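By written order: A, B, C and D. Residues from 1 in each chain.
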Amino acid sequence: MLNFVLMGAGRIGKMHAQNIFLHPNCNLSFVYDVNQESATDLANKYNSKVASSAEEAISSKETDVVFIASATPTHINFITKAAQSGKAIFCEKPSEFDIEKVNQCLKEVKNYDVPIQIGFNRRFDNSHRKVKLAKENGEIGELEMVIISSRDPEPPGLDYLKVAGGFFRDTTIHDFDLSRFILGEDQIVEVTAYGSQLISQECKDLGDHDTAMFIMKSQKGVLIHINNSRRAVYGYDQRVEVFGSKGMMISNNQSVTSVEKFDDKSTYAKDPIHFFFIERYDQAYKDQLDAFVKIVINKEKPSVTFEDGRNALILANAAYESFETGKSVRVDYK
Amino acid sequence: MLNFVLMGAGRIGKMHAQNIFLHPNCNLSFVYDVNQESATDLANKYNSKVASSAEEAISSKETDVVFIASATPTHINFITKAAQSGKAIFCEKPSEFDIEKVNQCLKEVKNYDVPIQIGFNRRFDNSHRKVKLAKENGEIGELEMVIISSRDPEPPGLDYLKVAGGFFRDTTIHDFDLSRFILGEDQIVEVTAYGSQLISQECKDLGDHDTAMFIMKSQKGVLIHINNSRRAVYGYDQRVEVFGSKGMMISNNQSVTSVEKFDDKSTYAKDPIHFFFIERYDQAYKDQLDAFVKIVINKEKPSVTFEDGRNALILANAAYESFETGKSVRVDYK
Amino acid sequence: MLNFVLMGAGRIGKMHAQNIFLHPNCNLSFVYDVNQESATDLANKYNSKVASSAEEAISSKETDVVFIASATPTHINFITKAAQSGKAIFCEKPSEFDIEKVNQCLKEVKNYDVPIQIGFNRRFDNSHRKVKLAKENGEIGELEMVIISSRDPEPPGLDYLKVAGGFFRDTTIHDFDLSRFILGEDQIVEVTAYGSQLISQECKDLGDHDTAMFIMKSQKGVLIHINNSRRAVYGYDQRVEVFGSKGMMISNNQSVTSVEKFDDKSTYAKDPIHFFFIERYDQAYKDQLDAFVKIVINKEKPSVTFEDGRNALILANAAYESFETGKSVRVDYK
Amino acid sequence: MLNFVLMGAGRIGKMHAQNIFLHPNCNLSFVYDVNQESATDLANKYNSKVASSAEEAISSKETDVVFIASATPTHINFITKAAQSGKAIFCEKPSEFDIEKVNQCLKEVKNYDVPIQIGFNRRFDNSHRKVKLAKENGEIGELEMVIISSRDPEPPGLDYLKVAGGFFRDTTIHDFDLSRFILGEDQIVEVTAYGSQLISQECKDLGDHDTAMFIMKSQKGVLIHINNSRRAVYGYDQRVEVFGSKGMMISNNQSVTSVEKFDDKSTYAKDPIHFFFIERYDQAYKDQLDAFVKIVINKEKPSVTFEDGRNALILANAAYESFETGKSVRVDYK
């Protein structure tokens, strides 16, 4: 039984708490949140203790795993402390917006032999995995193009936007990682980014984007397109298309039911797709936790590493450079 | 170039006239209709002559083909005369409602070596054919079940209903024939019919049905289900499903466009399907004519014979017997 | 917290055990099975006790709920005992094959005011529910036809077949209940059944069917079709179609992923659908338990009653009468 | 009746010849091709004359329309001559690769008041039109993104590649035009292009691309993505997606049949989509001709003008500039 400290009792923290609680090998021992009330509510729900301080919970002898689902600016600090305490670490994406801090942290944690897994949950979605596998096992032949459509159902509030690090680092970072996941060994070497302000006045006020498109190119010449929006009224649009010399595979959207309606206006009409990530990636979040638990128990290496988090951030930063200069940017992973 | 006499200038006659006109091996030489005005309009449109009498047109030396698309009660008479004149014959389904008359006519026309093709257009639909082929070539393994959903977009008017011979003989007859087409050598031996009056007051007044379901069984034990309605508000619903030991194949409905709509109410919504048979079976009607022209020119046997028309009528009659007696009826093809 | 006794530790018992274990208001206190080893294994997995006898577990003061997932012949006995002990009862379908025993039991349990819910799990499937709701709320207008396709992925073994009560009572019973669920107040009054032996030599040897079709008619004239097979190689085929004056709604099949494949042979190809009921109705089984727990806690009436189980059995019996007599059978619910 | 001169008796010329022949208001009076044999074959098939020279046919008094479907380098010359002869002109895309020649021609033809329509056939496809209309009538709200996937089934031969003007000018030009068609008044102002050589050795040898991606931005900030490939093994992939504040509409691919196959490997599998443009855009080519005939007869302005051809070429040229400089290029329409 692994004892978990959960950092963060917000929306995503709540979901993780439930998954930890239900997992046969996990015990939620501590919940920490700057908002004591949120921490208390969540701890009570799952028979956990409220941590009076992050440090106390992290360093507790009882603790096996530090599970970080707090605000992004706290991530690096918690990762470092957890590593120093010799705990296994799971950290929600993005690990941090400042590449310098990431580099420093990376250097520091290398001194401690602890597993660190980054929360790129989409890698664990059964449908996206199947598409990745089709590339791996040659089912679609040589990979030539990847097209990712990734759109949120509605823009976040101003408070979130202010600290979210910008559209490319907060949202597209998932798609950068998914692109890397699909490409495998073949590295992305070039990025072009376009951004627009078409939806949210608050985004505009902050100088942030709500609509964006990207093209990337890999070492082998594979072309990757990503498009993002902060508002798809039909739900959380999540599609991944891989195209190669032997065919194409699409991980398409998922409706809540399998009902199709026919009337005098339309036919084969399905329900709106899942509203947002918690519903859409339910299976992925559970399998992500399960994979993490297995690597901790079996002392293996995580499949999604801190370096993966760093590389996705590097792509986001290159995208910003492209947007600002109007140029295609060569990606420097050093 | 084959010279055609078209009997009947109504809705379906008009469609056939156009197809005959556009076919490279056909010439529409005469149009006949009891309504002289209709005949004249159609003849003018395609540079044909108006036949002053059916007899004149049929017996004209110039005439190669008598194409019968007039009201059902006229069919047997026109078939007989055309056969006596040695002309090739195409006759719209159903050939006649009275099995005695059909038997007599069959006896008579056997004296004349002329090709007679019955207008079971659905046999020529590319999708239905593919399903039939899948059964033939073993792609679905041994056939076990057939399910046909066949629904009109709206009930016909009272005038039509009065002379249409009843729902099973006018509408289901297509599905009886399609079932026979799919089964091939394996004969239908048993029929059960259910009818309901749920939609049309006019149907009810005439003692006719507007909703019906059937089960049939073949010699080999294959079970066949047909369901019919006189009103599907989403369009002309035409689905054929074959199920066997190796899988299933469905000939599904067809939208006018390939557009899919996503909004806050529904997703993947397509347009209504084709309104009715003229739109839905456009390709089938053209290929049906083409197949007929080929067998006439090459002096071959039609793939859809007068006997096929008779057998479908026998099934319809058995269905009425089942409905009236509340019993499963053994089919007697003699 | 409700204390459950689980009767039966077979395939479906195992699934129920897990759901009971995970439900926040449930405690699995006893497991009983004639096979002591199975009972012990399951009890160990979920920290339950093994009941040395059914009676002991049922009558234990601790016990709140008797959950019956044992072989069908044991159901009536367990139901009766549980009722006499004043316990809430959940019983897997079918409750019993012999209508006399059902009637007797019904009479007996009426003396005890305990809730009895029958395990017609499909009523709790989100997609089927949506179709039922569309009928209820008028979204499809006046109901005119219902079409249920319900096919197992593979035939059961001989041991199961011998005690399963026949295809109509074991398998179609779900579809009879689903038909009743959709129809609501409107009662089924007439049944016709066709059966065939096309797949399984073991079925044939036992005189059982592996392929079947049904038509039923309701008081209001609604026509219902059911088709069943013991083997659909593409998975557990579960489709429900309701058709009415304003349109149609189909609860279609569900693939494990939302992946679509395109190659030189086919396009838009999805994965096989769920293998069987445990995967396909995962959500339904969980919601069924949850609904049952709520009615027990709130002392309400179950939405799926013992009478529902009896009525489905009456339809199955009428179907057998139709098959044997070759007639449409009037249903007698008395 | 309009008398047509058809310039070019190649693959696309043959298709146009048939459409002209079948159109009730058109007469194919002359066929011209540098390859006399091709011209003769086609002329014989449709009872036309073979033009001994392009000039003779164009300037003939009899000629109403010059329909140009010959090799691209001949287009400007034929347009100019036809304009000077006062004939109505239909010209296949692209009108010419050299923008200087296009500009000069544009200047010249302005002296003659003749209608010139460019063959951007996709504008006339019913599904693409519906998507355009959804943007026009506000059905998808404010337009925010357009995504066009446009892939050929197989690369052309070396001979064609040598004179085709490059991937962006030969193939993407359709997608540039389609983007402009959808945007309407809102002008494309910025272009980024990526190209890859992944498929065809012949393309590589010629320095041409076989895989390409584009992002464009409009005046209003709408983002447009195009992806192209010279080889989709599943057929001619033609998808257009428009995304806006009220939803999304996709013009999806079209199979030859509506058949869906289910076996132990896959479910809902459709046939390969249409092989190539002649099959896929059959309806569009016919309606394109019909629209042209109407504007000629009614002396109206074409909906697809010579300027549209020029603007698409300008976008292709900007794309090449982007590819060569690695920069986002501002489009200059002057």
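Quick note on the criterion: a contact is a pair of C-beta atoms (placed from the backbone, for glycine too) under 8 Å apart; a residue touches a chain by one contact, two chains touch by 3 or more.
Computed from a predicted structure; not experimentally measured.
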| item | value |
| --- | --- |
| A-D or C-D, whichever has more C-beta pairs in contact | A-D |
| Chain whose Cα centroid lies at the greatest distance from that of chain D | C |
| Geometric centre distance via CA averages, chain D-chain A, whole Å | 41 |
| For chain C paired with chain D, centre-to-centre distance based on mean C-alpha positions, whole Å | 58 |
| Touching two or more other chains - residue numbers and ranges from chain A | 232-234, 246-248, 253, 261-264, 271 |
| Interfacial residue positions of chain B with respect to chain D in the complex | 22, 126-127, 130-131, 134, 139-140, 246-254, 256-264, 271 |
| Interface residues, chain A side, partner chain B - complex | 232-235, 253, 255, 261-273 |
| Of chain B, residues touching chain C in the complex | 142, 144-145, 147, 149, 151, 190, 192, 194, 196-199, 211-215, 217, 221-223, 225, 227, 229, 231-234, 237, 243, 245-248, 326-328 |
